Structures are given as C-alpha cells and as structure tokens.
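Two complexes come next, and they have one chain in common, chain A, joined by chain B in the first and chain C in the second.
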Partner chain A sequence: MIVQADILKVFLYLGAALSTGIASLSAGYGEGFAAAHTARAMMRQPNANNNLTRTMLISQAIVESGAIFALVISMLLLFGGFTSRETDWAKAFSLLGAGLAIGLGCTGPNFGSGYSAGMAIDGIARNPSKSGRITANMLIGQAITESGTIFSLVISLLLLYTVPAQMEDPTLMKIIVKSCAYLTAGLVIGIGTFGPGAGIGYVAGKANISISKHSKDQGLITRTMFLGAAVSESTAIYALVVAFLLIFVS
Partner chain B sequence: MKSKKMSLKTVLIVFFLIELIIAFFFLGSTLHIGTNPDTGQKIWFEKKTETMNQEIDFDIQPDLYVEKYNVEEPWKFTYGSKNLYDIFVKMFGTGSAILNFRLWRMILYLDIFMILLALFIRFKSSKIPSKIQVVFEMVYGFIDDLVAETLGDNKRHFTKFFLTIFLFIFFSNWSALLPIPGISEPTKNLNVPLGLGFMSIGLVHFLSLRKKGIIDYAKGFCEPFFIMAPLNIVGEVSKVISISFRLFGNIFGGAIITLVISSLTKNVIVPIGLNLFFTMFAGTIQAFVFTMLALTYLSMEIVD
Partner chain C sequence: MDPNTTQILASGIAKGAAFLGAGICMGIGALGPGVGEGYVAGKACEGVARSPEQAGLITRTMLIGQAVSESTGIYSLVIALLLIFTTS
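On to the complex of A and B.
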C-alpha cells in the first residue's frame, strides 16, 4: 500500500495550500478589524495616536501568530523531507489532516482576537489614561483566545511526526480506517475550535470595554473574563480529547 | 522624548549594518566559535554545505538525520568535546544527544550570563544610577507593579519568581540574534517551554492546595457535577499545553520561517527584517504574555 511519490506530493501541496490559505483569510480579517478601529479611534483622540498605534501593532502581532503557525506547518509540509521516505496511504492522509487542522483551527481564534483588539482600541480611545491596563488585559484575552489555535498546532505536529511512515502488518480495511481517523482528527480540532475561539474573543472584547469604563474593578473583570473563557473553552477541550482518541486509540 | 527616539534609531541602524556586513561578506558561510577539530583554530568561517532541507531535518529529527546521511562523526555537530558527547550518548541515544548537548550548553551559557548580569548590576548600583541600572529598575518596577495590581500589595514577594521567568524567556529568545551555529534559542526546544509551563501551573496548584486544604481543593475538580472530574483534569493539563506550546510555537515557527526564507533569498537583507519581527518583537511579546498568563492563573486561585 505504498503511495507513489507524485501522488504523495499532491497530498503535501494540498495540505500546505489549505493551511496557509484558510488561516490567512481569518488573520487578515482580524488585523483589518483592529486597524479599522484604530483609524476611527484616532479621529476621536488625535492626541493619543502614539498609544493607539503601539497597541494596534502589538495586537496585530498576536493575531498574526495563528497565521504564522499555519505558515510553519506549510513550510514543514513543503520542505520537511516527507517525500524522501516511502509512505503508505494512512500517512498521506495524516499529512493532509495536519494542514486542515491548523488551517481551520485558527479561523475562529483569529476572528475572536481581532474583535478583542478592536474593542481594546475603542476602550483606549474612550479612556487614554488607562491604556496600560487595557493593553495588559487585551494581551491576556488574546492569549486565552488563541488556545484553540495552540490545540490545533499540537494536533498538527502530532499528525506530522508521531504517525509512522508505514504501518505494521497493513491490511486494506485497517488502512482505510486509519486514513479516515487521521483525516477526521484534523477536521474535528479544526471545526471544534471555531466557536470557542470566536466566543472567548467576544468575552475578552467586552472585558476590555468594561475596564475602560470601570478601571478600578480591573481584577474582578479579568477574573470573570477568565471564568467565562474557561467555560467556553471546554468544548474546544472536548474536541482535543476526541482528536487524541482518533489518533492514538482508533 | 526626542533623544529617546534618536537612540532607538541608532540601535536599529547599528543592527542593520552588522547584519548587512554578515549577509554580504560571509554570504552562505557561518561564523564558528569553539575549537575546530581539524585545524585547532578557535574562531573560523566555514562555507555552508548543508541544504535547507537538511537543516530542517537536523533541527527536528536529529536521529533520522544521522541515520539518513550516514554521518560518521556526529559529535562534531555539538561543537564540543568528544568525551562529553559520549556521556550524553549513554544518557539519551545517538541523535538526541546532539540536541540535548546543545540545549544544556545554551542553558548553562544563559545562566552564567544572567548571574553575571545580576552581580554586575548589584555591585555597580549607586544613588546616581547608570543607564543600565535605570533600564533594569524600570523592568523590575514594571513587573512589581503588575504583581501588586494582580495579586495584592501583601504578595509582592512573588515579583522575584515572575521577573526571573520573564528575563529568562526574554534573553533566551534574543539569543537567536547571534549568527553562530550551535547557539540556538533554548525555547526552540519543546522541553524548555514545557518545563516552564509545568513549573508555573505546578506552583499554582501547590499554593491553591496549601490555601484551601485538601478537601476543598478536591471539590474544585468536581464542579459542576462529580462526573465532570476527568474533563476538569484534562482542562488543567490543557492549561500547561496552551501556555507552553504558545511560546514554543512562536519561537520555533519564527526560526523555521527565518531559515526557509533566508535560504530561498540566499541570505541577502531579508533575514534582517525577519529577525526584527520574529526575534526582537515577537520574542519580547511572548515573554511578556507567558509571564502575564502565569500571573493571572495564580491570581485566579489565591486571590479571594
């Protein structure tokens, strides 16, 4: 059940293209959202433009890290030397699954952290004297928004490097089952992190606005944000558990 | 304000020039520091013979690399002595010994650097502060304010822990700026971020256990129902995964992208911009994010 080298290349190129393509779609939207809110905020507070530009750049760097993960997986698929060994169909599908996992997986988190960044910039425009606190809260919020992306990255790396190139005692049925399991492991983490990512981004954005209004209660707001984020994140953790089961116990 | 901007510009221009010199004069070759096993020189330049694919293979799977290319003397990759390498082989096996050797050496360098820096600042500090003292007082004050704001005024003794974590991650991320083979960021190796993550989350659980008592601590896992306990435990483990893979993914990703794009462009100018973004900007932000997350996870458990 060895895949021909040319057909393996089809899987690699498809995985690489899908991962960076889908990831850039959402990362571009998120960064654009932050930039648009910065432009509007500058009209409101022209004196705080230094603060606003700095916050925009920092937040865009965090939003972009999802796309950077996807770019890395693409680079590894293209240049990581997967064509040099003989692989069977299950490994070929796992390579495609790795691309799909990170590509789909950072969609929701990127939208979410873009929203959080935009709201933080609105908050700074409203209350420029508290920009330090709002930026710190924005960073925490974006970091927990991104945990969905991180789970997808973990699954992608597992699919790339823990799946053996050739199965021991392969039969036709076993290879079909394994191929399906690896592909769906990528899909489950990709689709499963969409909602939690966008949801936590919403929580973080509203928390940023609240801090600009009531900056004295920052500790309480941050802790409530964490609690809400932990509950929304639980569905992403279910997806992670299912993906682990599909990779290791199928 | 004006002088501040000028100094930043000067730093950027100097960095740019140094990178330009390295990029043009030593095109495709690298600076080695150590002892050359063939000639006995201490510092020498060598033409790069590895292709990009080989470098990526070597970074990720040294075991397979040694096997695939039939490397006869793998200890030369460690830029260290053969005897030490043999001890490492006994501990870890052939291929992983190279990465472990490099990692241990880098961590040792960083530790020595940080201890010397701390001693230097401690004994050079005076009432009329020098420039370097002002910088470190600012960093200390910044982290101290964060700790006091998040944990409360009576918990300022945690500052030392978080300051150490921040400075360690910061210096290890910035060590990628030295263009010397064998010197790579310790955070690029998954073991270091995982260790830091386990340390931070372990501290959170230890302090929470000490504060709440064992019964209340165990009850915390059974929310909202008793049957949810396994998923809550998975949730706690996922905290470690997300905090450490965030750091690892960013630094490792930056290293791979820099490697691939600079070999596609034959190392001309482009690596400067990539280093500016991935090492200096993203490295600093990720060090700060790691510290903030560890701090906030701690505040969730020990603040009433």
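On to the complex of A and C.
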C-alpha cells in the first residue's frame, strides 16, 4: 500500500496550498476590518491617532498569528522531508488533513479577532480616555478567540508527526479506515472551530464597545464576556475531542 | 476482483464513511451553537453595560439561552460518538 512519490506530492502540495490559501483569506479580512475601523476612527478623533494606530497594529499582529501558523504548516509540508520516506495512503491523507485543519481552523478565529479589534477601535474613538482598558479587554477577548487556532495547530502537528509513515501489519480495511479517520480529524477541527471563533469574537467586540460606553462597569462586563465565551467555546472542545478520538482510537 | 476482496473493500469503505460522517457532523454541527451562543453573550454584555443593576437577571437569561442553543451541539457530539464507536 505504498503511495507513489508523485502521488504523495499531490497530497503535500494540495495540503500546503489549502492551508495558507484559506488562512490568508480570513486573516486579510480580519486585518482589513480593523484597519477600516481605524481609518473611520481617525476621522472622528484625530488627536487620539497614536492610541488608535497602536491598538490597530497590536490587533492586526494577533489576527495575523493564525495565518503565520498556517504558513509554518505549509512550509513543513513542502520542505519537511515527507517525500524522502516510503509512505502509505493513511499517512498521505493525514498530511492533507494537517493542511486542511490549520487552514480551515483559523478562519473563524480570524474573523472573530478582526471583529473584536474593529469594535475596540470604535470604542477608543468614542472614549479615547479609556483606551488602555479597552485595549486590555480586546487582548483578553482575542486570546480566547484564538484558542480555536491553537486547537487546529495541535491537530495539524499531531497529524504531521505522530502518524507513522507506514502502519504495522497493514490490511486493505485498515488503510481505508485510517485514511478516512485522519482526513476527517483535520476537517472536524477545521470546520468545528469556525462557529466558536466567530461567536467569541462577537462577544469580545460587544464587550469592548460596552466598556467604552460604561467604563465603570468594566468588571461586570468582562465577567459576562468570560462566562459567555466559555460556553461558546464548548463546541470547539467537542470538535477537538472527536478529532483526538479519530486520530488515536479509530 | 474476488468476492473476498470486495467484501473487505465494502466494509472498509463503510467504516471510513462513518468516520467521515462523524467529522462532518461534529464540524458543521459546532458552527451554529458557536455563533449563536456568541451572539447571545455579546448582547448580554451590552445589556449588562446598559443596566448593571440587572446583571444577575441578564446573566441568568444568557445562560438559559445558551444552554438551549448548546443542545444541537450536543446532539452532533452524540451522533459523532455513535458513528465512531457503534458502527462496524
């Protein structure tokens, strides 16, 4: 059940392309959303341009992190030496799954982080004196949002490095089942983190704008944000559990 | 193909399709609850900011709404686990 070297390259190249391609789409949108809101905020509060620019750059760096993870996985797929060993079909599908996991997986978190950043910048434009508090809350919210990206990165790395190049006593049945399981592990964490990522981003964005309006209730708002984000995160954790089961138990 | 190989191929494809189904079920099933619960929590943040004295009531309503919204996510998890463990 050894995959021909040229066929293995199809999996590697497709995985690398999908990983960075899909990730860049959402990262570009998120950063653009933050920058567009910054431009509008500058118009309203030209005097706060230092704070606005700083917050925009910090938030864009965080949104970018998902795309950077995807780039790293792409580079590993292309130059990680996976073509040098003889590989069976299950490993080939796990390489494609690794690309899909991080590519799809940072989509939702990037949209969410971008929304959170845009709302934080709107908040600073409304109330520049509270920019420190708003930025702090934005960073907390984005950190929770990005957890989906980290889950995807974990699954990608597991698929790249813990799946053996050739399984012991391969049978036709085992190869087919394992191939499906590894490809699906990438898909489940990739699609599964979209909803929680976008949802938590919405929570964090609304919390940022609420703090700018009523900054004396910041503790209460941050607490509500944490509670809501934790419940919203649960479905991402279900997806992570299913991905682990598919990799290790199947 | 001899009948034995066909039999192995068929059962392999069936189990593989069960795994694929489990992943797609949990993946897409997580989309709705995630977005919906996030929307609830975002609106709750706005509500708490506007009338902080009602924070307890708003948080309670938020949690009830999220619990109902979560149910479809749990259905997806159950179906995914059934597909992984009970199919052969």
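Rule of thumb we're sticking to: the second predicted complex is superposed on the first by the 250 of 250 C-alpha atoms of A that agree within 3 Å, B and C clash if a C-alpha of one lies under 4 Å from a C-alpha of the other, contacts with A are read in each partner's own complex, and residues count from 1 in each chain.
Rule of thumb we're sticking to: a residue touches a chain if its C-beta (ideal position, glycine included) is under 8 Å from a C-beta of that chain, and two chains touch if they have at least 3 such contacts.
All values reported here derive from a predicted model rather than from experimental measurement.
**Student:** Putting chain B and chain C on the same copy of chain A, do they fit or clash?
**Tutor:** Result for chain B and chain C: fit.
**Student:** In the superposed arrangement, which partner chain does A:Val188 touch: chain B (first), chain C (second), both, or neither?
**Tutor:** So A:Val188 only meets chain C here.
**Student:** So in the superposed three-chain picture, is A:Met167 touching just chain B, just chain C, both, or none of them (first/second/both/neither)?
**Tutor:** The answer is neither, since A:Met167 touches no partner chain.
**Student:** Just chain B (first), just chain C (second), both, or neither: which does A:Ser232 touch?
**Tutor:** Touch partner of A:Ser232: chain C, not chain B.
**Student:** Applying the document's definition of touch, where does A:Ala17 land relative to chain B and chain C: first, second, both, or neither?
**Tutor:** In the superposition, A:Ala17 contacts neither chain B nor chain C.
**Student:** Specify the angle subtended at the CA centre of chain A by the CA centres of chain B and chain C, expressed in degrees to the nearest 10.
**Tutor:** 130
**Student:** Using the touch definition from the top, say if A:Val177 reaches chain B (first), chain C (second), both or neither.
**Tutor:** A:Val177 sits against chain C, while chain B stays out of touch.
**Student:** Between chain C and chain B, which one touches more residues of chain A when both complexes sit on the common chain A?
**Tutor:** Answer, by number of touched residues of chain A: C.
**Student:** Contacts for A:Phe79 in the overlay, against chain B (first) and chain C (second): which applies, first, second, both or neither?
**Tutor:** In the superposed model, A:Phe79 contacts chain B only, not chain C.
**Student:** Answer with first, second, both or neither: which of chain B and chain C does A:Lys213 touch in the superposed model?
**Tutor:** Touch status of A:Lys213: second partner only.
**Student:** Looking at A:Val249, would you say it contacts chain B, chain C, both, or neither? Reply first, second, both or neither.
**Tutor:** second
**Student:** Which value in Å is the smallest Cα separation between chain B and chain C when the structures are fitted on chain A?
**Tutor:** Once the two complexes are overlaid, chain B and chain C approach no closer than 8 Å between C-alpha atoms.
**Student:** List the residues of chain A that touch chain B in one complex and chain C in the other.
**Tutor:** Correct list for chain A: 234, 238, 241.
**Student:** In the complex formed with chain B, which residues of chain A make contact?
**Tutor:** 58, 61-62, 65, 68-69, 71-72, 75-76, 79-81, 84, 133, 136, 139-140, 143-144, 146-147, 150-151, 153-154, 161, 218-219, 222-223, 226, 230, 233-234, 237-238, 240-241
**Student:** Can you list the chain B residues touching chain A in their complex?
**Tutor:** My answer: residues 52-53, 56-57, 60-61, 68, 146, 149-150, 231, 234-235, 238, 241-242, 245-246, 249-250, 252-254, 256-257, 260, 277, 281-282, 285, 288-289, 292-293, 296, 299-300, 303.
**Student:** Quick check: in the complex, which residue numbers of chain C touch chain A?
**Tutor:** The contact residues of chain C facing chain A are 5, 8-9, 11-13, 15-17, 19-20, 22-24, 26-46, 48-50, 52, 55, 58-59, 62-63, 66-67, 70, 73-74, 76-77, 80-81, 84.
**Student:** Quick one: in the complex, what on chain A touches chain C?
**Tutor:** It comes out as residues 108, 112, 171-177, 179-181, 183-185, 187-203, 205-207, 209-211, 213-214, 217, 220-221, 224-225, 227-229, 231-232, 234-236, 238-239, 241-243, 245-246, 249-250.
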